[in-house]
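Per-chain numbering from 1; labels A, B, C, D, E and F assigned in written order.
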Amino acid sequence: MKSERFDLGFRTLMHINEEAGRETYTSLKEISPDFADMLIEFPFGDIYSRQQLDIRSREIATISALTVLGYATPQLSSHIHAGLNVGLSKEEILEIIIQMSVYAGFPAAINALSAAKGVFDERARVSEPEGNAR
Amino acid sequence: MKSERFDLGFRTLMHINEEAGRETYTSLKEISPDFADMLIEFPFGDIYSRQQLDIRSREIATISALTVLGYATPQLSSHIHAGLNVGLSKEEILEIIIQMSVYAGFPAAINALSAAKGVFDERARVSEPEGNAR
Amino acid sequence: MKSERFDLGFRTLMHINEEAGRETYTSLKEISPDFADMLIEFPFGDIYSRQQLDIRSREIATISALTVLGYATPQLSSHIHAGLNVGLSKEEILEIIIQMSVYAGFPAAINALSAAKGVFDERARVSEPEGNAR
Amino acid sequence: MKSERFDLGFRTLMHINEEAGRETYTSLKEISPDFADMLIEFPFGDIYSRQQLDIRSREIATISALTVLGYATPQLSSHIHAGLNVGLSKEEILEIIIQMSVYAGFPAAINALSAAKGVFDERARVSEPEGNAR
Amino acid sequence: MKSERFDLGFRTLMHINEEAGRETYTSLKEISPDFADMLIEFPFGDIYSRQQLDIRSREIATISALTVLGYATPQLSSHIHAGLNVGLSKEEILEIIIQMSVYAGFPAAINALSAAKGVFDERARVSEPEGNAR
Amino acid sequence: MKSERFDLGFRTLMHINEEAGRETYTSLKEISPDFADMLIEFPFGDIYSRQQLDIRSREIATISALTVLGYATPQLSSHIHAGLNVGLSKEEILEIIIQMSVYAGFPAAINALSAAKGVFDERARVSEPEGNAR
């Protein structure tokens, strides 16, 4: 039986990014079940679920952080999805990343923009009517 | 005569943090006048003044970035002031920093919280009626 | 009333570094009581208290990490104390830091060695009989 | 004729990770023969071969450092092999990485866990009796 | 119509790395046309075109910076090309990267050397007479 | 008796920055005599003394690297001195740092410019005839 923190965290994660959330949890579960649970409990159960900051602002903060780190591309793509899911527009996400050129330099921003393009393209493919697929 | 980008950047900077803005500009001016102008023109004239993202969101992004960098304490303090100036509450700023513990670790978050406390205390002193000072 | 995780975390922290532990907790408590509790609960309650790795090995890992980060000097000093408290010798701590020159470069190692010296000197002063003080 | 430092370093490297050691040396040799020698001489001849710290502790320190850097995945995989070779258990290696979530954040830890899984899987495949392969 | 800064920046970029320059600009143009222009205007129009530092020295500085960042491999490859284009020899480029082992550690240097080898090999293939190709 | 590498390294270090070189060596000597020797032997004996890159270019590379690291202020100041000693002008050093705003962001560049100002001011004071002091 999982803790309350886990349940709250899981609901929060499902709300912001169900697909990548399930995927990350399942794949971590195979490597370290305890850490998979901690990922749900601490970031999503303890932090993201708090009322002190709205979820849109949280995703702005996270997209910025992951752009600055430079090496966290899978997590960045996942939170670009999350940002779109919780109401950020594509233009806003691009703008957050562009602004990071000031604080972390152009290479970090350019690589993050290319991750954003990947996410936008993927969502465009998925939402297109089947007949147009090629 | 300064460029339009400079004028726009300077107005933007004055809006978000007049005191630290003037101080940084003046002190950079002594070291490299050209770079002092670039700081006004590129980050504030080209980026912060764009309409694609509201200024409150921009400060969320910047406070996150500076927390993650870890070494940018003077800039972080200055943007905590800016965040308060453009409408972030103290609770929201603390929450942004707390969330960074997930992405950059606890030491980065703890040091940034201590910078936030420094800014909050300074503003409390300044806004207190003189008679209460001790 | 605090959670079990808090109690376990607090005992763990008291075991590895009582003085700095209390100080950090108290000072964080003034800035963000919730985050002060999270610091006890997640790193010390959830992680350090696990049996999968002995505490001496945990401090080796942490001293390495904090040396690599470069900006986390207060935390590094605190974990150099912790390392000595849980049985690492001065020579071992110096050697861990020296090895970091290979992975994070000489400046990170040199600055961390100087933090180590600060800790060793402080402990030497404290443990000296009073009559020798000058 | 190679220096004594080279010989000592080469023996040390062969002891901790013969396969990846030879591979890295050979491939660096093609790019810069001088630097290939320096890699043997300084990290392995001068540092890893010293008696001030046992080799198990050295690998704990290195796995931590490489997890924190975030971008050093090939080196991390190589030192996860090395860690196993010198006596760390899988559980201990996972635990070192999990602990790094506290100091460098969850993305660094998650990416390192996935590198660890890659190494564990590779070693499982290699050690399996041929008949079971598929 | 583009600004003077853009024109100056574009000429500068074409001078140091025409192929990668066009490619980066075109690909950024698809993601964010404004930021594509800023990349030409600020780094290349405002900075690289200044007379205070010769272009060879600028590429030494950039190759060093990108090696230290660790995650900026595409940009590093592009500036290794640029360095060769503006007169750095292969030996000098390798030596700059080797020196970075002192400041950012061996993994950053090793990964950058491998990027350099990639660039050298690519240029060797391109410059070889067709008949030798295979 | 010291090794040949030490002697070569020491001469190289004395050539580029006698004062800071002696200071760093002496102060490291108190913490870890072995590592103090390694600092002379590896960076200065093995790397800086090689003929593949002229010393002016080496200092450009190092000033860039230390600016990017962000936390290495004492080492940066020391290499700004070194840069001036081996023939870089103040304008060139400022320009190298300014260029780093493109790769590591404005906070790293601003903090490094302020370190440069500190070095320039110190050298101005030292070189002024006594009668002018005040």
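Annotations for the structure displayed:
Note that in this section contacts are C-beta pairs under 8 Å (C-beta built on N, C-alpha and C of every residue); 3 or more make two chains touch, one makes a residue touch a chain.
Quick caveat, the model's predicted, so the values are computed rather than measured.
Listed here as common contacts of subunit E and subunit F: A, B, C, D.
Counting C-beta pairs in contact across A-B and across B-C shows that the higher total falls to A-B.
Here the spacing of subunit D and subunit F, counted between their Cα centres, is 32 Å.
Each chain gets a centre from the mean of its Cα atoms; for subunit C and subunit E, those two points are 41 Å apart. In subunit B, the residues that reach two or more other chains under the touch definition are 34, 38, 42-43, 50, 66, 69-72, 94, 98, 101-107.
Of all residues in subunit F, those touching subunit B in their complex are 70-71, 94, 98, 101, 105-111, 113-114, 116-117. Looking at the complex, you find that subunit D touches subunit B at residues 101-107.
Residue ranges of subunit C in contact with subunit D, taken from their complex: 42-43, 47-48, 50, 52-53, 57-58, 60-69, 72, 91-92, 94-96, 98-104. Only residues 34, 38, 41-42, 46, 50 of subunit A touch subunit C when the two sit together in their complex.
Of all residues in subunit D, those touching subunit E in their complex are 24, 27-28, 30-32, 34-35, 38-39, 43, 66, 69-72, 74-75.
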